[in-house]
Amino acid sequence: MTAHTSAKTPAGGSGRSSAALTVRGSATGTALAAAGFLLVAGLAPYVLYPVFLMKVLCFALFACAFNLLIGYAGLLSFGHAAFFGGAAYIAAHTVKEWGWSPELGLLAATVVAAGLGLVFGLLAIRRQGIYFAMITLALSQMVFFLALQLPFTHGEDGIQAVPRGLLFGLFDLSQPLTMYYTVLAIFVGGFAIIWRTVHSPFGQVLKAIRENEPRAVSLGYRTERYKLLAFVLSASLAGLAGGTKAIVFQLASLTDVTWQMSGEVVLMTLLGGMGTLFGPVVGAALVVTLESYLAATSLPVPVVIGCIFVVCVLLFRRGIIGELLARMPKRGG
Amino acid sequence: MNAAPNDDIILEARGLTKEFKGFVAVKEVNLQVRRGTIHALIGPNGAGKSTVFNLLTKFLTPTRGQILYKGRDITRTKPADIALMGLVRSFQISAVFPHLSVLENVRVALQRPLGTSFHFWKSEATLYDLHDRALELIEAVNLSPWANHLAAELPYGRKRALEIATTLALDPEVMLLDEPLAGMGHEDIEGTAALIKRVAADRTVLMVEHNLSVVAHLSDTITVLRRGEILAEGPYEVVSKNAQVMEAYMGTGHA
Amino acid sequence: MPDGAMTKTAKTGTAMLEIADLHGFYGESHVLHGVSLEVRQGEVVTLLGRNGAGKTSTMRAIMGIMGKRTGSIRFQGTELIGMAQHRIPRLGIGYVPEERGIFSSLSVDENLTLPPVVKDGGMTVPQIYDLFPNLKGRGSTQGTRLSGGEQQMLAIARILRTGATLILLDEPTEGLAPVIIEQIGVAVRALKARGFTIVLVEQNFRFAATIADRHYVMEEGHVVDMIPNDQLAANMDKLHTYLGV
Amino acid sequence: MFSLLGVPSQVLFGQLLLGLINGSFYALLSLGLAVIFGMLNVVNMAHGALYMVGAFVAWLLLTYAGVGYWGALVLAPIAVGLVGLVLERTMLRRLYKVDHLYGLLLTFGLALIFEGAFRHQYGVSGQPYPIPDLLKGGQNLGFMFLPNYRGWVIVASLVVCFGTWFAIERTKLGAYLRAATENPTLVQAFGINVPVMVSLTYGFGVALAGLAGVLAAPIYQVSPLMGSNLIIIVFAVVVIGGMGSIMGAIVTGLGLGLLEGLTKVFYPEASNIVVFVIMAIVLLIKPAGLFGRER
Amino acid sequence: QVSDNVVRIGVLNDRSGIYADLAGEGSAIAARMAAEEFGNKVAGAPIEIIVADHQNKADIAASKAREWVDTGGVDAIADVPNSAAALAVQGITKDKKRIFLMSGPGATALSGAQCSPYGFQWTYDNYAMAAGTGRALVEQGKKKWFFVTADYAFGQSLEEETTKMVKSLGGTVAGAVRHPLGTSDFSSFLLQAQGSGADVIGLANAGGDTVNAVKQAAEFGITQAGQSLAGLLMFISDVHALGLQAAQGLMFTEGFYWDMDDQTREWSKKFEEKSGRKPTMVQAGVYSAVKHYLKSVEAAKTDDSDKVAAKMRELPVEDMFARKGKVAANGRMFHDMYLVQVKTPAESKGAWDYYKIVKTIPADTAFMDPKQSGCTLVK
């Protein structure tokens, strides 16, 4: 919702075609921001600790995936850790125990997360609002207990010492920078998918459903299927993020399947701005930074995080990026 | 169902009944809407008009009874499928997508027939072809100056207009309008009434409306509901002379 | 304030309710556009008007259960706008809503005794049963199992217990069979005789004519006319145009 | 002694009884959640944290004020209730106008704050709380040895649950509550101060959690995270029972406790997830929950 | 030559959870005490001790260790009570060639299949516990066992080692239940144990979990009914938390007791002044390990891990914790262990007077023969 630049005139366009500006104006803005982001992210590992940056990127992708659901389909999932953490186990297991290459491991993680998303979705999608949140929460807790008890996850120990391996048999991921650029590429890829989804015919319907579901139904959309597809997409990308994290940290553990993790991703998204493309990225970066900064102080991390949560909910429901956008000059008319 | 389905009747309800936890909101309603007409449903508040409406569009499931659309039984069909079959409704409380622009609101309806609505990998630009048609529809309801505004920014009456434009975008065979004029200012009422008349030329309209003068002016047939039952039916001239209708709806002082 | 015209027809008693230039909103829609009217002690006054004219909204504005309202509503000299919602009924105003508002999770007895007594001089439960014999013996029935008419009686009855001196009745006859309407008419007259002040929304003005002292006519969110009951016959034509019949 | 499917009856009945004890906690906690949800439409994520606070208040009273178990049984719920009152008045209240989800998020944040603060102060390992002298020892029931204290927990929570049910379903105050759940505007128009009632309801609901905390203190360690995992099961209980249904909360709470006990006998590996499996099944068959009404 | 001119030791342990009392800040104090004995300087470079909380989570431990090594210039990591976390750290220190001084973790794999040239398991291990406690009880005629096991690397390994020991002595195992780390209610596990008809209920867990289990066993009258309870790994802090009333009579294996001789008493007194409590074996072990590490740095005149590790294996361990201790090729430090029994309240003469030492287990029988450990470093 920024510039008025009209890059391309829609078919048959004349003066009236300015109607398309809403959409493409924000598209240009996003493209600019994305270019800036790539520049910064490309140089960052020379300044900052790459593992830290990779963590940020994994969580940013996770938050973006989550945001696809809450921000663009209006569904609050309180169980996204199941996909993130569950996929981490899959990636770790396939790579470590079965000796799969990292790209195959990630693919497996994503596919399993998608399957899990489908199951969750089928069960939860029939209810809305808090019911939906509660159901996803409870289902993810089920995954948590499975992760605790299934033999292949190794309970409290987690799957440790996962080899990073050679990406496509070529790139040695144990090199920090190679790993970093791989993660960056995965993030950019995931983000691009989300960006495309949001700005696709499907994304339009999704937004319509979020805005007014009965109306969308009356226009002939079988809204449950759209929501389900959105859910599966979101779950898959959350899984991709989780799998990547497992490869980066060479470990899959229970932490990533706890409901506190589900809460954390909500916080990241809320803090950055629900329903804004870059909000979750900013939110994730802030939360991860804050946590690692706080860990070194004597301040209790959960208290600080909780306070941010409360303040956001009470005062800044639009989040950082949301507030920024809201303060920008409005479109003409 | 029928040996020889009456081609003339596009939408029909038979013995339609809806109970809410023991409370009968709609009772044994038999309704026939003829193709190409404007059919109005009137009645006192709580008579069950909106409920009948919701039943016909499957937003509620009837407790008993049957609904036929073009001779086909649609009693068990899902709401979205009903819409796909050309039976499209509007809502009593304004139903727009508030944070989409006016153009996008209409476009959402237009994009459905493209069949790309699940294509999350396609660009939104594939929808730009629809803009001309969308703007035409927007023009038709006098919303052109607003095309780029968010629907939320429109005044109430304009939202109703937008809703009609969106409904029209589906090019429905039957349009069901629930109080399309409610909340509109005088200036809009006339325009919208004219619009309804215009679009009804090649389709069927069933509407719930309290504004009697409009109903009188627009509709070919009027069905009067009271307490969930049909009290009277017929053209305005007949219905408005019916003593029961006068008592239940128009008031007894009617000369 | 346009009260000059109204005092001429004033009956006995002092002004109980004075509304001046009342505006009301539901969210973004502005539905009351400057309502002004006055009700005196012991009167029965009706609000007439087409569907959507703003009658119900006026009552809701009095009770303070409307999103936003401006202007002035004075009850026995006390300004109601700006007052905490739950204080308003405590001044002695009872409200019988259009949709009756019988609670389904409460029994008839519980429904009946739900509104707290706000003033002395309310009717006792036996007196209520005398007035509405239909309710007798139904105490343990679930509230919404009653027939529509019984529910209407219950809605009125529960207000009578509270001792409220001003009663706002929104379409008490809507959807009711003629016999029951008759009963309600009897009840309203009985209440009047007991000194209650009543504001009544009615579509059925034949019924209204049998009980009211004066009629206010509303159109598009404001009062357009006031007709004393004894001049009703003379103003029939005018009324018909107002009501669009 | 006999055996069922190869399981000695002792073990069976023993686990069932333990399940009933767990069920008592589920019932007490889900009751509070149901009351709050019915009235405020808020999913109180802070419920588990406030349960923990209840236990801690009891421990603090004992450690720093010398107030014993029986005193804490009264004082701790009151303290927690007051905390709830303050939270409702200062924060939750501002969210009724916006999406209900924000209530959930707010209380989630509050839960983090409470748990984090206690964790920071007292560590995670937990503080011991002695069983009151009156309830030491136990009864040999033949099939198992039932510690007196655990027996008391069952009795106390049943009494409180059914007391609450009675208060809500059979008293005047309860009538206000039920009516206000259905139609708050109208109840307000009868001159009842609904906002105050809402505050009190929240206070009462969390006081129940506080009470459960005191009851739990002598059994489990008093630890900052004692509520955080329990609460999810309790949410599942509420979903199964039907959001907002009082009876549903009680019956489902006890029932699921028993079912969990049973699972521990026959298929212990599944005992942690059986509640969630039941939830999935119930949702498929009856989306509104066993005792819930479709909105 | 000392890298970045400082010898930095990171004490990574549970500072807030169920192992916080037996390790936690106490371990950091012990490490600092060791550094002070060197005047906070070694091989000409200052010694720096830093701490972090691993919260008993392998992922947190791993990322902290990685961060310390990558960006914090940490030369050695100490303690890491929690075998899962320790296994994760072992992987990283092995990879990045840093010294790992394990005092807390018990899993035998750490000096077995998962051993590292840079990893040293100092204080005890699960084999030692099984060899001590398991043997003692079986020899008393308690042959039928049932395990209540913490479901992670440590618990499983403890159960496994004890099972092997019990079976080798002609005992049987009636069954086992697994519980998650940090369980608060053991009642249904205990009920199962009771139903099994075993002579001994072996608690293959530690810290707060053991304390809870013992307490609830008393609540359910398990010992009155004739079964014995065996805490397979217990610390003095656990006895302290339980109180003698509940803990009396329990028999288990310890690596250290403050009240053994003047040296231990003196050191423990200093420790108590700083921490307010007597040291556990884990804390005392951290002291010993750090001290030995510093000694080796001094001797090698560098903090280069390969050289220091070689020196650590070469030098004898001699301090108040271990007499004539020896580091084996697999990283296991061999020293005497003690079978102790908790005194009755009547026997106890004062604060922290908790143990009777039943017997001393000599180093070579206390620990597993390195050749059988499965560690590839052993030729």
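In this document, chain identifiers A, B, C, D and E correspond to the written order of the chains, with residue numbering beginning at 1 in each.
Methods note: contacts are C-beta pairs under 8 Å (C-beta built on N, C-alpha and C of every residue); 3 or more make two chains touch, one makes a residue touch a chain.
From a predicted model like this one, the values you see are computed outputs, not experimental measurements.
Asker: Could you tell me which chains are in contact with chain D and with chain E alike?
Answerer: Shared contacts of chain D and chain E: A.
Asker: Average the CA atoms of each chain to get its centre, and name the chain whose centre is farthest from that of chain D.
Answerer: Between chain D and the rest, the longest centre separation is with B.
Asker: Which chain's mean C-alpha position is the greatest distance from chain A's?
Answerer: Chain C.
Asker: Could you work out how far the Cα centre of chain A sits from that of chain B, in whole Å?
Answerer: So the centre of chain A lies 40 Å away from the centre of chain B.
Asker: How many angstrom lie between the CA centroids of chain C and chain E, rounded to a whole number?
Answerer: 81
Asker: In whole angstrom, how far does the Cα centroid of chain B sit from the Cα centroid of chain C?
Answerer: So the centroids are 34 Å from each other.
Asker: Going through chain D residue by residue, note those that touch at least 2 other chains and give them in order.
Answerer: In chain D, 119 touch at least two other chains.
Asker: So which stretches of chain C touch two or more other chains?
Answerer: Residue numbers touching two or more other chains: 104.
Asker: Going by the contact rule already set, what residues in chain B reach two or more other chains?
Answerer: If we look for residues of chain B contacting two or more partner chains, we find none.
Asker: Any idea which chain D residues touch chain C in the complex?
Answerer: Listed in rising order, the residues of chain D that touch chain C are 172, 175-176, 178-179, 181-183, 185-194.
Asker: Can you list the chain B residues touching chain A in their complex?
Answerer: Those residues of chain B that touch chain A are 57, 59, 78-81, 83-84, 88-91, 95-101, 103-105, 107-109, 111-112, 114, 116-129, 131-132, 134-135, 144-149, 166, 170.
Asker: Within their complex, state which residues of chain E touch chain D.
Answerer: Those in contact with chain D are residues 16-21, 177, 182, 184-185, 187-188, 191-192, 194-195, 207-208, 212, 215, 219-221, 225, 241.
Asker: For a test of understanding, state which residues of chain C touch chain D in their complex under the given definition.
Answerer: 63-65, 84-90, 95, 97, 101, 103-106, 110, 113-116, 118, 162
Asker: Given the complex with chain B, which residues does chain A contribute to the contact?
Answerer: That would be residues 8, 10-13, 16-23, 193, 196-197, 199-205, 207-208, 211-212, 214-223, 225-226, 229, 233, 331-333 of chain A.
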